[in-house]
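Both complexes below contain subunit A, partnered by subunit B and then by subunit C.
And now, the complex of A and B:
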């Protein structure tokens, strides 16, 4: 009923290790559950409560407002029922029952606060602590430890265990550069095992041994190679799995929590930035069922140390071949002078917005450049100086229309030129969830990738798409028969030589199959953006006009643009770089303006669904750096064309003028089926007759851990690259094996 | 007084690691992680031979194709039998591959069940039952006799010639014939130190003594002679009405 039938032995997609055992061909075993069932009513602590049938008793108790202590139970994981902490008293039950593993029954009477329950909890706690080391003072989890809190709340004040044999000792495991293990502290709740197997798709984690000797691990020596491995740190209710980069850095009570938005990919995962003073100490996920549930990728979680290195802290002006630090006044004056000296007129003024540009700054920059008479607004991507093939007139042509939770409703998914595992790791876990628990079929066109689910490989190029459209292959038939088919087009497809042909084919296919693909309830044509700033750039029309795209720029303004091809910038052009890291873009610049990183500014981010979310500033920007849009506002005055907004509310008014969706936070506004179809129609007309070159759709991200200036500056991400991408064993094992006192 | 200290406590004692914790470590009797060794590493090839493969396929056919993994325990057993009585990492990997399941799921099973030996064993695997009924009937003597007779090894160890491995096990379900040992797949029951030695000697010579009670009684009949059911049991048709006889 509630228990998810062991789904974890699915043929896996396999990390590097799984390849040893090529288990690709076996069939899926899935448990089907009926979608919606009747509600039932029961009494908890004398309070009547109504819950859907099939809920666990613990959920009913929660619904009645009773707090149930738990270690192994977790809403998003399968039920294990092995910690026994959630015992409650049920009428006519001879013993206390584990409320997580017990289905709520209609009419049953439950008590959560009786002497029997108290005694049961105390007893369980005593057993849990029998083997748990008393090392809270040197444990990273202390202060936010479930065991600590619950021992205080529900435990006894002394133990009856004085075993002369001592406490259980378990050797630490090496799970790679992100997760630190201290296995003596493990209470075998198996949350990490269930997470790894169900959500992350790391089927190498499990339990070995039995009884008192049960331990968590991989049995053979392996690292936990997953983009989501950091989440086990949050899941672990004790200090057995902690964060390696954060080890002994801070205590939870010293930290200031700021709720913000992640920018490492275009999902806009909700995060909580924990800072101490001016330093970001760690990043944790925030629950948002519509976006990231409660997971975040390792890049989101661990790239924050990149915020400390390679930062631009003062304005820099190039004199000869070196940068000299300058005051803001001098730097802005130098830009104004450079602009005049370059003689750039009209479209010769180019602005390029990069991966981490926020919406406010892009709006300000677009306004400024437009005021200077230019339409040359380029994007920092391959072919970004030309108007995008999908256009920006209709939102549904470039957004993830099915919405992120919608992925779980799809019964057939076609991935085109994308690797969701690297482009949107959390979204990938949703696909895996759906693939595990329903009969979801996945097809892939593009370079072969290692997903965490099985897929039908349809081919690598646009020709495979044409073949798919003929509907002859087995997957095409299944896709056609699907009730809620979903096409996920990678953002890299728009950068591909065959972009026009692909989008043409897709728009025709969607038009033909609009009865299933685009209906008022379902829009199964989704573009998966991989860059945080891109959806916002399209929303505000930060794209060049056709005429502007052929103009050779004389003045280039790089807004966080660090992926530009240096050759694409003319030698004699005057280049301004505005951003927070001294990465590639800064090297090309004549003037560098230090700006704030995403944890240092309160700005709007639009995710791949078109959902606007407000990031919040957790720490002040370092040195003389300022918020991005303020820099552009200041510059506008110096170049003699002041922008008409003076504070952040006014610029948000301006955003509202451009598109009200930009300031309607936390919601997605769906495009109606008619408009979506009209948009695709226009797209197919525009791209008629495009030729197919037959080049493979390459995956855009080869190294998940280093995709932007922040993650490239991060030491942790560099270690991950060595460990997971290059597969080097670089001695992290040794660190874990040293005695704890060596770190302290 | 102080001058005498160094003599009493050799310098080496101070050079050892400082004991920060005064609690004793409770160590488990088996290792639940794999360590590559020359005799046990994933590079050593293992495959079922034709005979075993036939049996494996037969076992797999008992389960629906999508639940093939249900055959993991019998297949590991087959693997253990073919691999000289122990389940190496290669055996586990091979079974995982055969059943198309992640190797970790097989490791979990193999480490959970104590009858999968994850270290090599001697030709004859001697399991001495030391659970309460056997203990009351003198299994301690049997264990000591066994260990002494095999050259003073300790439980869990293998003799130098590689002929015997002795382990203590929990109840084997032969309490009515306690004490007992298991050698390979056979039970030797109603033991005394003498009969134990005799059995071990026979195995050492490569013979196979007759399994079952060594006291001469038939299965678990009353050792003092039968007190009931002493007469010949009547056969079918006897004492029936003529039409039924």
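And now, the complex of A and C:
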């Protein structure tokens, strides 16, 4: 069949050719700049662009504003060059070239929109569509599918392939409860394989066969066990890999997008909450190279269904042994009454802030409790009722000072009592990236963990740290020699019996090696927090005074605190719980106040680097629940010491008074080397003489999928726990036996 | 955040003269929001102030005065990670924060979402941040400017796949 190329839709490039001539003189010579940063100049569609040397041609075309269709090329993965969709025309090249696999050459002339290019891309598209099922009406990718969009431009409306055997048929694979496969649709771009290899560190996902028979799979019957597996759903340019919990739930054009911040770990990943009506339908990452690049963890992505279950929707007051729903007035009055009846005075009033407490609410609660004459502000963690060992006076003592992108600059990393894979899965992928591409060496002190990179195991307890400090071991020597060494201390270390001894040893070590560890350009002493609210709590000083921490509370205010040990709350104390889920904390309470979850309020979150970011509400909170700080503001009036702020701007002014960094959004404020060293000095003085008990640094997270009330209420996360943590077969594996319709 | 309040004050103080002189409408009725910013403004991550004069449009637009109490967000939406296309990626958008409480509810009849918020479906695109800010100021809306996210893509090279690295093999490629 002869295809007639319509000239209307094919802008010819001849008109622009004239402008290109004579562009040669502006080329730079390489010798004048350093070899790494040399730039080259080339002409794309008659437009001159300058790109760093070593860029791919597709990057040069993008820099010139030309859109290049692509399937296999992805900015954050290695180049594969196997889809051939990115063909462009290069002067003096007999054939069109794949722009992603071709380095940009100085002085070359490239056209991205000529009849030759169109014809070539049409040919590629025709072959891709030859075996692609006509699934769009029943495919979850429809509406945001690269193949669909590009078929609109380069596809033909009828096929020239009439094979008796029909289209290629490929068996679906079972990748677990998160990723649904429909392998007929696969166009073998291998993005998922490259992601699994390079970023997630799952080396089992791969290809078998070649040509038309190439298949993506796990080789053996196995699920894709990775905390980042959800990202392959985004990467897959077609609908071969889609989200299982989201299957057939919504179409992309029905969704309202709200750009917000994640709270499942302390990284503060940038997310986009997609909602329909009053429901969150899915959560997508937002690209931000300072924080999460393009990835989010599976908990971030899939725990949203927990927002629908177990919610507190009305205020509850305990009468006898059961909860009775009440109006807001009654509930607040009951609290005021309970406060007087309990006879709590001064430090006997205790506030405990939990994992998902937002900054505004913590500021309001601290102000309220302080106004009532108490300093008893505790954190919802082991030993949270005592002042933290690292103190809160100097920011660099509890923040991730090297910053998240800084992890990639480090050439030796020592992990102490932490499992970044579970505490900050996206950060872990950065360590892996650096480990793959540079000569990064990793050492570990603490319980053995399964990372996605190799490490030198130095021991399990604080004694191993002392040994490391003597500098005898192989790794210690490498660490000494490193130019940008990095110590990552887990947040669980501060909760450990040996916390004082460990911090003492560390601060002395940093002091000794300050020429590499703490310089004006580099601060290699980083604490990795694992809980979204913790850095903000330290920042505003939500910690008890020495005196208060020994007082037995009579009135306890739990702000999103769901990890508390029930035994730590005195029997006769009056307990108020404010939060969004009926989890552990609510069971202990005398009065429950329903509050908004993170998708329902526009509040400030401070991540482990100290970067404050503003979330945004996507859906209204259910029932009678209200924003957290407003509840506390209302309560302050009922208990007779009203807080001096009336709207969100005034409370942010108050935050600015406490610490300007809280409202300087989207930036990190580095601590200067002098202050950081002074802070460590004070820390080592405070902790001198601490004894080592020799207990192992346990990893704080045993089940990555269920760490907070939202993920505990989530059905998807429960399925993940069953299949990945407990290793049970939950019924998706018998693909061959079940009727086909169940997997359509 | 006190920038918003400062602007609000600036805006209300400008309403007086506007009421008095409807005739001289185009250039005379301007308020310079840059002139009376308080001092701490520079300390807060504040957007670059547009240098243009702001004509207050909401005085005659007939928009409900309640709109003045609602915050809008000025931001640059990031690319959908499901797709690679970059088109429209450099636009700036204005949309409204949702209303707490009365904004949306599930209608008991059909289970669809009902809303009492007439601005919930409104979103506007602008060519630049300054355009968007200018528009918000003109309408007298409180706005918050969200910085656009950082993008750092290193030069990529096919040859990197075959680079020799000394030491033990760290990656097994299954592609």
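Throughout what follows, the second predicted complex is superposed on the first by the 697 of 744 C-alpha atoms of A that agree within 3 Å, B and C clash if a C-alpha of one lies under 4 Å from a C-alpha of the other, contacts with A are read in each partner's own complex, and residues count from 1 in each chain.
Basically, a residue touches a chain if its C-beta (ideal position, glycine included) is under 8 Å from a C-beta of that chain, and two chains touch if they have at least 3 such contacts.
In this text the structure is predicted, and so the values were computed from the model without any measurement.
Chemist: Looking at the overlay, does A:53 come into contact with subunit B only (first), subunit C only (second), both, or neither?
Modeler: Touch status of A:53: second partner only.
Chemist: Between subunit B (first) and subunit C (second), which does A:621 come into contact with in this model arrangement: first, second, both, or neither?
Modeler: A:621 sits against subunit C, while subunit B stays out of touch.
Chemist: By the touch definition at the top of the document, which applies to A:667: first (subunit B), second (subunit C), both, or neither?
Modeler: A:667: touches subunit C, not subunit B.
Chemist: Could you look at A:315 and tell me whether it touches subunit B, subunit C, both or neither (first, second, both, neither)?
Modeler: neither
Chemist: Contact-wise, after the overlay, does A:485 reach subunit B, subunit C, both or neither (first, second, both, neither)?
Modeler: A:485: touches no partner chain.
Chemist: Tell me the contact category for A:406 with respect to subunit B and subunit C: first, second, both or neither.
Modeler: A:406: touches no partner chain.
Chemist: Determine, under the contact definition given at the top, whether A:306 touches first (subunit B), second (subunit C), both, or neither.
Modeler: After superposition on chain A, A:306 lies in contact with neither partner.
Chemist: For A:286 in the superposed arrangement: first (subunit B), second (subunit C), both or neither?
Modeler: second
Chemist: Among the partners subunit B and subunit C, which is in contact with a greater number of residues of subunit A?
Modeler: Touching more residues of subunit A than the other partner does is C.
Chemist: Which partner does A:270 reach: the first (subunit B), the second (subunit C), both, or neither?
Modeler: In the superposition, A:270 contacts subunit C only.
Chemist: Could you tell me which stretches of subunit A are touched by subunit B in one complex and by subunit C in the other?
Modeler: 203-207
Chemist: Which residues, counting only subunit A, touch subunit C once they are in their complex?
Modeler: Checking each residue of subunit A against subunit C gives 51-56, 59, 62, 67, 70, 74-76, 78-81, 100-103, 141, 144-146, 149, 190, 193-194, 196-198, 203-207, 233-234, 237, 252, 257, 259, 270, 272, 276-278, 284-290, 294, 405, 435-436, 439, 453-454, 596, 602, 614, 616-621, 626-627, 648-649, 652-653, 656, 660, 663-667.
Chemist: Using the touch definition up top, name the residues of subunit C that touch subunit A in the complex.
Modeler: Residues 1-2, 4-5, 40, 43-45, 73, 75, 77-87, 97-101, 103-106, 112-113, 144, 146-147, 149-153, 155-161, 165-168, 170-175 of subunit C touch subunit A in their complex.
Chemist: So in the complex, the part of subunit A that touches subunit B is made up of which residues?
Modeler: 8-9, 11-12, 18, 20-23, 25-29, 163-169, 171, 173, 203-210, 212-215, 217-221, 739, 741
Chemist: For subunit B, which residues count as touching subunit A in their complex?
Modeler: By the definition above, subunit B touches subunit A via 17-18, 20, 23-28, 30, 32-34, 42, 65-69, 89, 93, 96-97, 100-105, 107-108, 111-112, 114.
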